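The same chain A turns up in both complexes below, where it pairs with chain B and then with chain C.
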Partner chain A sequence: MNASLRLIGIFAIVFIAAPLLIVVPMSLSTSASLQFPPPGLWLGYYASYFTDMSWLRPTWNSLVIAFFTTLLTMALVVPATFALVRHRFYGKSVANLMMLMPLAVPHIVMAVGYYSYFGDLRLVFSKTGVVLAHTCLSVPITFLVLSANLKGFDRNLERAARSLGATPRQVFVHITLPILRPSLTISALFAFIQSFDETVVALFISGRDAETLPRKMFDSIRQEADPVIAVISTLLFLIVALALLAPHAMRLTRRMLATASRRTTPRDQT
Partner chain B sequence: MTSYLTLSGVNKQYGAFTALDHVDLDVEKGEFVTFLGPSGSGKTTTLMIIAGFEDATDGAVEVAGQSLAGLAPQDRNIGIVFQNYALFPHKTAAENVYFPLQMRSVKRAEGLARAEEMLTLVGLEGFGHRYPKELSGGQQQRVALARALVFEPDLLLLDEPLGALDKNLREQMQIEIKRIQRKLGVTTIFVTHDQSEAMSMSDRIVVFDKGNIQQAGRPLDIYHRPQTRFVADFIGETNLFDATVTDAAARRAQSPVLGEVSYAAEGLPALADGQEVALVLRPEQMKLSRDPVPGRMNAAMTVETIVNFGDSALVIGRHGGTPIRVRLHGADVVILKEGDAATVSWTEDAVYVVTR
Partner chain C sequence: MSTAPRSLTDRPTLWPWLLLTPLALYLAIFFLVPLAQVAWMSVSEPTPGFGNYADALTGTLFRKVMLNTFFTAALVAFCCLLVGYPLAWLMTKTTPARATAILLLITMSFWTSFLVRTYAWMVLLGRNGPVAWAIEALGYGEPPQMLFTRFASTLAMVHILAPYMIMNIYSVMTKIDPALIRSAESMGARGGSLMRHVYLPLTAPGIANGAVLVFVICLGFYVTPVLLGSPREQMAAGLIGRQIEEFLAFGPGSAMAMILLAVTLVILAVYHRRFGLDRLYG
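Take a look at the complex of A and B:
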C-alpha cells in the first residue's frame, strides 16, 4: 500500500473513532453532567443505568418494538422481494417505487403524517403504532439488500434441485433458504437496527407508554445531560462490535473443529 | 428399434418469436445423442421442454411410451448437468450427490454411502467432504455428473457441460463421460456447439438451426452426406457451389464455376430439371494439378493463398469471384505457389447435392 493511501486510511479511522474516544471516557466520569475530559473515573453511571427503571423501561420498549418491527418487515419484504424480482406483473414498476418511497420522504414529514393519521386510529402513544411506523421505514433498506442478493441468485440451482426430485417447497427449504440465509440475516439486522436507532418518528408518536431509548436519550440530553447517555452509547458500541466479530469467531472455531476431526478420522467425515 | 424418447411436432413460441418449429425426434434406449447447432438455434429450449421447465406451445414428449404432459420436473426422473454445474454451494460434494436420494427418502447413512460410490465412479474418491468452491472446474463437473446419475435417471441431459473447461480437460472429460455413459447405459442427450466434440462422442448427431432439426444421423453420415445447405456449411470445411439441375434422371447439373457436373446417387433429395441446388465438395476430396486430369472432372482456378499445417496444406483459390478450398496432403503441397493457374479435379461420387 502506498503512503498517501495509508494516510487517508488513518484519517478515516481517526474520524470514525473520535466520537468513541470522547464518549467512552465520559461514560466512566464522576461528573454530574456530560463533560469532557472527565474530572475523575467512576463506574457509578453504569450501576445507575442498570438499576434505574426510567432507563430500563425505554430500553425494553425499544427492544420489543425493534423485534416486532423486524418480524413484520421480514414478513412483508421477503414475499414482496420474490414477487418483484422473479415475476412480471401489471404495475410492477409502481410497486417497486412504493417499496422505496419511505427512503425519499424526510422522517420528519413521515412523523407528522403518522402523528395525525394514527391519532384518528388511536395508535398514537402505543407500541403498535411505533412498530407500524418503523416497519414502513425499514422496508426500503431491507428490500434493497434482499433484492440485490436475490437477483444474483442462480436459478439453475433451483432447476437442478427440481430435476433431482425436489418439490417447489423442498427446493425452498433445502436450497433457496439456506443459500439466502446470510442475506436474510443481514437484512433482518438492518430492520432491527433501523428501528432501534430511530428517533424522529418515536419523538412524535411514542409518548410515555411506548417511550423508546433514543427518545429517552433525546429528552435527557435536553434536560439534564445525564452521563448515562454516554454509558448507553458505549454499551451499544460494544454490542455492535461483538455482533460484527461473532461470525468471524464462529467460522474460525468451526474450521478449527473441522481440521481437528479430519485429523482424527481421516476418511469418513462426510 | 423402438424409440425410447419421442418428440413429436414440438413447437415453442415466445410471443411472436418461434424458438422451436415443429421438432420431431426419436431417441433409442441407451443411445448417446448430441444436439449440435449455432447459438440460439433452440438446443437448450428443447432440453428444457424435455425436463419440464418450459411448456411446449404445441406437440408431445414421451418417454418409454408415456406422455410427460402435466408431469412436474421433479416427477420426471431426468438427470441434468448444467454448463455452470449448479452445485449447491452450502452442501459438500457428497451431500450434493446425496440430495436426489434424500428427496427419495433414502436414509442419510445409506445415501451418503451410495453418493461416495458414485463419486468413486466419476473418479473423485475421497473428495466427498469438500465444498464445491474447494474443487476445480473439472472436479465440479464430475460431482454434477455423479449427482445427475446417482438416482438412476431414465434420461441424462447435459447442456454444454464442457464449455467452461480448457482444451485438455475437455478432451479428458469427453472420454470420461463416454465411459460412464456406456457403463451405465443411460440414454443421453448432450448439447454442444463444438462439432469435433459431437463427432467424437455421439452415436447420433442432431443438427439444429433456427428452431428446426436440419438433419439427424450418425456422425459420419452427417459429415459425408449433408442433406441441407446449412448442414454442409456448418459441419467441417466445405465448398458450396450454386448449380442448376439440367437432367435429374442422368444426375447432371450445370454450375458457373465447375461447368457441367455429374453428382453422386446416394442420399439424393427429390430433384426436378431446372431446379436450383448447391453442390457440396469437401476440400480433402479434391486434387490440384497444373493440367486437367483425364478420367476426373476438372475446373480451372487461380491459387491465392497456401496455408501450411505441416502434415497438410489448405490451398485457397478462386474461379471468377468464387473461392475454392482444397486440402492437400504430403508431397502434393510443393508443386504450386501463390498466383499460379491450376486445375482442381474430383470424381463424380464426391459431389453431393443439397437443395437451396
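Take a look at the complex of A and C:
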C-alpha cells in the first residue's frame, strides 16, 4: 500500500514538473514546428521576441494594465478589509460575501457582461476598460490574502503605542503599516499576477488597441503556434521560478557563508 | 448580547461604512451592473421573454455541452484527487527538505500562467512532440492523434488544477495528530485498513474542499478546452464564447451564461452553508 502510494506520488511529481520544463528546450529549438528532440539549438526566437513589436506591444499593455489594476485594487480593498476585520457592524456578513462574489462567477459570464456593458460605455477595446474589469476580478484574492494577515495582527502593539501617547495617525503610520508591509506587498502581487494572467475577459474586451499578452498568446496558439510562444512561455516560467527560488537560494548561501566563516575565523577573535 | 467587555473600536461608528463604501460602489457599478446586463440580455434579446432559456434547455446542443461540462469537471476533480492525494501523502512522509522542494514545485506550477501550462501540453502531446517520440522510440508504432481530443484537454486541466487539490489535502494532512495514527497502528491497523479507516476519514474535509474548488473552476473553464480539446466536445464556456464571438447571438449566449452561473452558485451555496465560502481558498 505505502510503496504503491509512494510510486504514484513520484509519478505525480513528474506529471507536474514535465510540462513546466518542456518549454525551455523548445524555446531554444531551431525548428518552427515543435519538433522533439529539437534538431538544433539557437537563440533566434529570443531575438525575434525582443525585436517584434507585435509581441512587445501586448507585453507592455499587460504590464501597464496590471500596474493600474494593482493600484486601484489596493486603494479599494485595503480600507474595506480594515473595516471588515476590525469592526463589527450590521450587514457585515453580506459585505463579506460581496467581496468574494467575483470569485464565484465564471470569467466567461463576466466577459459577456463587460463586452456589452463597456460597449455601451464606449470603454470596450481600451486599456481603461480592461483595468476596470480586472480590478473587480482581483478584489477577492487580494481581500482573502490581506484579511488572513490582518486577523493575525497583534493589536496589543497598537494599544501599547497609544498608551505611550501616540496619536491614532502616528500609530497607523509607525506601527500598523510597517508591520503589514509584507502582507500588503504579497496581496498587491496577487492582484498584479491575476491581472497579468487573466485571459478570458481580456480576450473579449481588449481588442486590437489594448491587446494583452495572454490575448496575443491565445490567438497565436490558436493559429498554429508561432515559435515565439515557447520563448514567452519560458520567460514567464523563469520569472516565476526565479521569484520563488531566490529567497531559498539566498537563505542557503547565507547559511553556507555563516558556517564557512565560523570555520575560518579563530574562536578567540574579540 | 455578549458579556465580554468591548474594546474601544467596537463602539458603533461610521468608520466601517466610510471604509467600505468606495469598494461597494465600485463593485456595484463595475461588477453587479454588467452581471445584471447579462441577465437582462438573456430575457430581452432578440425578443422579450424566456425564449432563450426554453431554446437552450430543450435544444440538444446545449444539453449535450452541459452534460459534457459536468462529466469533464467531475473527471478532472477525480483525476486531481488521484494525483494529489498520494503526492500530499508523500510530502508528509518524506524529509522536510524534500517536502519543501515538492511544495516549491507545486507553487511554481500554480503561479505559472494558465496559457503557458496549456501551451506546454500542446508541445508535449503534439504530432512531433516528446510523447509521440517516446511512443515511437519504444516501438509502439504510429502514435495516435492526442492533441485536440478530450484526453488532451482533460490532462491539461488536471495539471492546471491539481495544485488546488494538493494544497487543500496537504494542509489537512499536516494537521493530523500523529498520536491518532500511532494508536491506530498499535491496535493493529496496517497499510490498507489504516488508510481506509483512519487516514481517509481524517482527510475528508480537505478532499471535499479540493474537489468542490476544482469542480467549480472547471465548470467555467474556457482557455484550455478551446485550445486543446476537440471542437466536437465543447464545454459550456466555449459554447458561450462562440455564441458571442462568432454568431453575435447575445440573447442565447447570455441565457447559457446565466444557466452556467446558476449551476455554479448553487454548488457554492450548498458548500457555503456547510463549510463557509472563505474557507474554500484558504
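The rule we apply is simple: the second predicted complex is superposed on the first by the 226 of 270 C-alpha atoms of A that agree within 3 Å, B and C clash if a C-alpha of one lies under 4 Å from a C-alpha of the other, contacts with A are read in each partner's own complex, and residues count from 1 in each chain.
Here, a residue touches a chain if its C-beta (ideal position, glycine included) is under 8 Å from a C-beta of that chain, and two chains touch if they have at least 3 such contacts.
Computed from a predicted model, the values in this text were never measured in an experiment.
Asks: So, on chain A, is it clash or fit between chain B and chain C?
Replies: When both complexes are placed onto chain A, chain B and chain C end up side by side without any clash.
Asks: For A:Ala83, select first, second, both or neither according to whether it touches chain B, chain C, the two together, or no partner.
Replies: After superposition on chain A, A:Ala83 lies in contact with chain C alone.
Asks: Touch check for A:Arg169: first (chain B), second (chain C), both, or neither?
Replies: So A:Arg169 meets neither chain B nor chain C here.
Asks: For A:Asp154, is the partner it touches chain B (first), chain C (second), both, or none of the two (neither)?
Replies: Touch status of A:Asp154: first partner only.
Asks: If you count the residues of chain A that each partner touches, which comes out higher, chain B or chain C?
Replies: Ranking chain B and chain C by residues of chain A touched puts C first.
Asks: A:Pro106 in the overlay: touching chain B, chain C, both, or neither? Say first, second, both or neither.
Replies: It touches chain C, and chain B stays clear.
Asks: Mind working out whether A:Arg208 is in touch with chain B, chain C, both or neither, as first, second, both or neither?
Replies: After superposing on A, A:Arg208 lies clear of both chain B and chain C.
Asks: Is A:Tyr117 touching anything from chain B or chain C once the two structures are fitted on A? First, second, both or neither.
Replies: In the superposed model, A:Tyr117 contacts chain C only, not chain B.
Asks: Determine the nearest approach in Å between the Cα atoms of chain B and those of chain C after overlaying the two structures.
Replies: 5
Asks: Going by the contact rule at the top, pick out the chain C residues touching chain A in the complex.
Replies: My answer: residues 9-10, 12-13, 15-20, 22-24, 26-27, 30-31, 33-35, 37-38, 41, 82-84, 86-87, 89-90, 93, 100, 102, 104-109, 111-124, 126, 128-130, 132-133, 156, 159, 162-163, 191-192, 195, 216, 219-220, 222-223, 226-227, 236-237, 240-241, 244-245, 250, 253-254, 257-258, 260-261, 264-265, 268, 277-278, 281-282.
Asks: Using the touch definition up top, name the residues of chain A that touch chain C in the complex.
Replies: The touching residues are 1-2, 5-6, 8-10, 12-13, 15-20, 22-23, 26, 33-37, 75-77, 79-80, 82-84, 86-89, 92, 95-118, 132-133, 135-136, 139-141, 144, 148, 193, 196-197, 199-200, 203-204, 214, 217-218, 221-222, 225, 229-230, 232-233, 236-237, 240-241, 243-245, 248.
Asks: Taking the touch rule as given, give the residues of chain A at its contact with chain B in the complex, in rising order.
Replies: It comes out as residues 154, 156-157, 159-167, 170, 174-175, 178-179, 262, 267, 269-270.
Asks: So in the complex, which bits of chain B are touching chain A?
Replies: Those in contact with chain A are residues 51-53, 72-74, 76-80, 82, 84, 86, 88-90, 92, 94-95, 99-100, 102-104, 112, 115-116, 126, 128-129, 147-148, 151.
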